[in-house]
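What follows is chain A paired twice: with chain B in the first complex and chain C in the second.
Now for the complex of A and B:
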């Protein structure tokens, strides 16, 4: 009897084996990569190209550095930069201090009170910026029945036109920021404070360190990474401040509250000059990158808690 | 240096939900000047709480703590003139080793020259000279441990407190550091209170050992006394590895009847157990005091027991034989060439001079004299 011998299966080509082994993995990776390419990388590249064009939806015209030249010669652009820098310098450090102080006191509380304050202070973070701005518009009501003016009235101070005059408009937006959302920063600080081992403070107690020394030599340095994170994200967020300006002052009066983000919006969606808006966006991006790098260089710490 | 005294010290922790928990119950002891005392016991026995009360990191609920000549009940940790090495070392991660060592001295407002000199002295004792500019994360576990010790010795305190300082090290490094700590004690001549759950560490380091369980001090004694004359079944079982074997026995006519053996007791022992005649007692014997018949050269072969071997563990230097006596599992540590097979009967020789007797009701050692 003749025995049937099984034919050896031919080895599939390498690309087939690769697809069989890793195909699904790459398919899953493809989805976010495509989203990134279409909705992030492509818009960035096309905005960069647009910044060298006189944009027209039908046919754009290449104008080289004209948008940039115009922008740097425009007084309103420099005014918006100045306003943005003032807003950032006035809000970010003070907001970090306020956040830190609140977190420090909440950290001393019992667990249930910690939860209460964390939830309460985080609440504004989940509210929309538009809603919060509308509330503040009511608070900044320039008549004597406005909330802040009523408060000033108790001390015999005349009503202030908070948002309607150049000298107080930007200050009003800054004030709004101070009393706004510290919730996420507080949660980060509380987590970082909770991560510092108790034994460090006990060792410091034995090492004759006073409460102040423990704060300056242990707590503050070990919270540096959190502070740096809040500083960098705070600066980026305040460079991009838009909603409150749009909702409350529209950049006025007399450009007193025009920030760079609001200027970009105006260039693009009020004057439909998308080329100029793109150029302004890239200057803002460059500015944010430079400031972030400088902050990392000066404040970065390799110890994380 | 100074002595440490606990006068009827009690510590309770109050939890709103779980109620009151007594961590240390009416603790009384004296640690003499320059003595190395080790607190040992299982987790939650109150040893660390006792140490933290000496440090002032916990306030006792009642009783007095004396360091040197002072009652320190209400003194802040910094005013007790103690230094502590923590289990996790508690090194300040953002400071260099030099800054870690000098932190306490700076807080004491010592002069720069004095700080420099004391740091130098401590670093040379502990071999840290090369590491002074590094940060803790750049150091190995053993080096960090040394820095933690350095931070303690740099201030030259009256009492050193060590809270399980070797528990984070691997086995080899732990042995090395154990030797270094013993040498350091000799060198400094300091009063040291040391907490560990490792009985080998306790036996090798301590001049006296305080064995604790459930917040109560079970026995305070030098290592050999703990090993040879444990006060109760807890101490007997805790000290020694493998742990002491316990067997249920009945005393009749000067003999101890255990399953598989009747042990004729020496007259002095039989006399001591007279009041237990006809009653049940617990007989304790350490695994190393049971011998394979063929290697029982040093003891009389008069007293034997026949057992069925259930498990054999080869440790190289010894073999551990496991077998059941009644309902209790018993271990014998025998010569590695002892002939024993799983499931087969084996005759073991008992060194009756090393027997321990415990009251089954109180679990206390029965005094024979």
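Now for the complex of A and C:
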């Protein structure tokens, strides 16, 4: 007598097993992937191709490295790089110091005052860059009735043509950056300061460590990841400075405030030279990547996440 | 491994799909040589997209009934119109144009940049003899580039200077004589000395005010020294001799002597106008005849208590010319320009767009010249609207006198490539150097030398 054996259950095809196990997961990530493909990857690839073309909406012409060659031989491009680097060096470190000092003092305050100052200092981050630039434009009014010039007049100082002369125009934009946009940095620093265990300070107190020693040995090292984050994002933002230049100086006078981002805008929307603008954009991207890598290399060795 | 391969395939296919969807190409023909449309095509429903501006205070009020009337005449053509703001509109248009999707009709002037995109439509095939004959002599030229008609002018613009009548008369300046006969740089300098003074409240009154962000002032001065543009009609660079140096010295001297504020380089166009409104400047360096209406409206607002300030009697003044040069008034045309889209909509669509273009530039649209206090561009417009202008008769006469010395924009006469080089020179050489001259950072000689060197490179 032959025993009836149970028919083995057929194995579902591989793709069915895959869909059963991972189908929903892939469906959920499809939306962001599509958004990334359409709004990031496709424009980036198109811009890269465009950087080798004399762009025309009807028929672009392949011109090899001509856009890059022209760009590197152009005095205005190098001036814009110089202005951007000066702007970055003059704003990022000092803004981090200002942000840190403000956060340090706010951290000592009672909770309700902390909330008040956090909200107040965050307000400029919410306001549009255009609005802020228009307010500053009025403050930099070059006549003696201008806000800043009236203030200087109280001390007997002659009116300054803030945005109208090469020696003060870029400085004016730098000054504008010092006096605003610390809000998000302060929030990050306050959160990081709140995360430092109190026991470390108690132990330091027991060892009679001075306030300065506590700062240099406990506070600062433990805030390093936040500082590094602010440094990297600050450099990236500074390299892309545009709105204040566009609204207030349009790169002038005499290219004193022409930054690389403004130059890209000008190439594209003033001269309709989208090929050159794309080439300039890729050089800007390369600068930002190199600087970011260097920052991580030199400043992140003892940072723990 | 198989799974990974399949995932890759899915990802790659979606990428291809996306790329194809974004970059899909269709027929790109400009369409000017498309086959003639049948009468059946002419009756097919169509939508014409129109982007325009508040050309004058009542333009939108006038445009709506015009469009309704057009729609009655051509019920199959729907007009999708948008009123842009002067501040944001040009940027919006630039983006649309360079994305290959401009509106069918856009209000502006003919421009070499538009032609270079390959999307601007030459109107010559659609221009009937009747339309051509209706335009007053020379008016159509303001819409031509390289001999082809790219715009149908709605009105002619005219740039001049403007004066505050009270201040001029207090200083003993015979402005009526200036309006009638023009004035030289020497005569202007003498007048400017009288107009520049400290006011009783301690503030300064300047003879002339300009802004440092536009090149209008510099261009008006150089045109009045036998330099119609940076290049001549043949595209030859001409800002390389004593004429440009003299013009620069004239400007430099205005700042040095205090006739113009030392902060001129930093003044915006708005600040320039504010100084004129506040009586801090006797003459404003760029004025159009429409200022007459603006100042009349401002006076009404002051009377109604809406704003505070002095009511200003505005007088239109010609730009002074160098003593041995001929006077020149810069005039050009503004009107509608027609565009194709990257995805061509066909010849019948272009014909429909032209029908609308002609309607919006024809006899019934003639009030724009009245509102803007400008000479009519079409005989039919003059017939319909003559004598209904808003300009003060004194300024109207001055405008007509100045029109006798009209000079058309050179960039419309040269090749589009040369026009692009000219734009580059203006933006990258003229503007920064003009600002440096106003700020006292460069001398007239240094600027002239820079023009000569860079001009030879860019406009060779």
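Everything below uses one rule, namely that the second predicted complex is superposed on the first by the 276 of 305 C-alpha atoms of A that agree within 3 Å, B and C clash if a C-alpha of one lies under 4 Å from a C-alpha of the other, contacts with A are read in each partner's own complex, and residues count from 1 in each chain.
Simple rule for what comes next: a residue touches a chain if its C-beta (ideal position, glycine included) is under 8 Å from a C-beta of that chain, and two chains touch if they have at least 3 such contacts.
Here the structure is a predicted model, which means the values were calculated and not measured.
Engineer: After the chain A overlay, clash or fit between chain B and chain C?
Structural biologist: When both complexes are placed onto chain A, chain B and chain C end up side by side without any clash.
Engineer: Please indicate which partner A:147 is in contact with in the superposed arrangement: first for chain B, second for chain C, both, or neither.
Structural biologist: neither
Engineer: Which partner chains sit in contact with A:101 here, chain B, chain C, both or neither? Use first/second/both/neither.
Structural biologist: neither
Engineer: Given the superposition on chain A, which partner contacts more residues in chain A: chain B or chain C?
Structural biologist: Larger number of chain A residues touched: C.
Engineer: After superposition on the shared chain, which partner residues are touched by A:197: those of chain B (first), chain C (second), both, or neither?
Structural biologist: In the superposition, A:197 contacts chain B only.
Engineer: Tell me the contact category for A:29 with respect to chain B and chain C: first, second, both or neither.
Structural biologist: Once the two structures are laid over each other on A, A:29 reaches no partner at all.
Engineer: Just to be sure I read the superposition right, which of the two partners does A:130 touch: chain B = first, chain C = second, or both, or neither?
Structural biologist: A:130 contacts neither chain B nor chain C.
Engineer: Check whether A:252 is in contact with chain B, with chain C, with both or with neither, and answer first, second, both or neither.
Structural biologist: second
Engineer: Touching A:294, do we find chain B (first), chain C (second), both, or neither?
Structural biologist: In the superposed model, A:294 contacts neither chain B nor chain C.
Engineer: Report the closest approach of chain B and chain C over their C-alpha atoms in the superposed model, as a whole number of Å.
Structural biologist: It comes out at 36 Å between the closest C-alpha atoms.
Engineer: Given the complex with chain B, which residues does chain A contribute to the contact?
Structural biologist: 197, 199-200, 202-210, 213, 217-218, 221-222, 224, 301-303, 305
Engineer: Where on chain A is chain C touching in the complex?
Structural biologist: Residues 14-15, 18, 26, 30, 33-34, 37-38, 41-42, 46, 56-59, 76, 137, 140-143, 159, 161-166, 250, 252-255, 266, 268-272, 274 of chain A touch chain C in their complex.
Engineer: Looking at the complex, which residues from chain B come into contact with chain A?
Structural biologist: Going through chain B, the ones touching chain A are 55-57, 76-78, 82-84, 86-88, 90, 92-94, 103-104, 107-108, 135, 137, 151, 155.
Engineer: Which chain C residues qualify as touching chain A in the complex?
Structural biologist: Residues of chain C touching chain A: 2-3, 6-7, 10-11, 14-15, 18-19, 22-23, 28, 30, 91, 94-95, 97-100, 113, 116-119, 212-213, 261-268, 271, 342, 420, 423-424, 427-428, 431-433, 435-436, 438-442.
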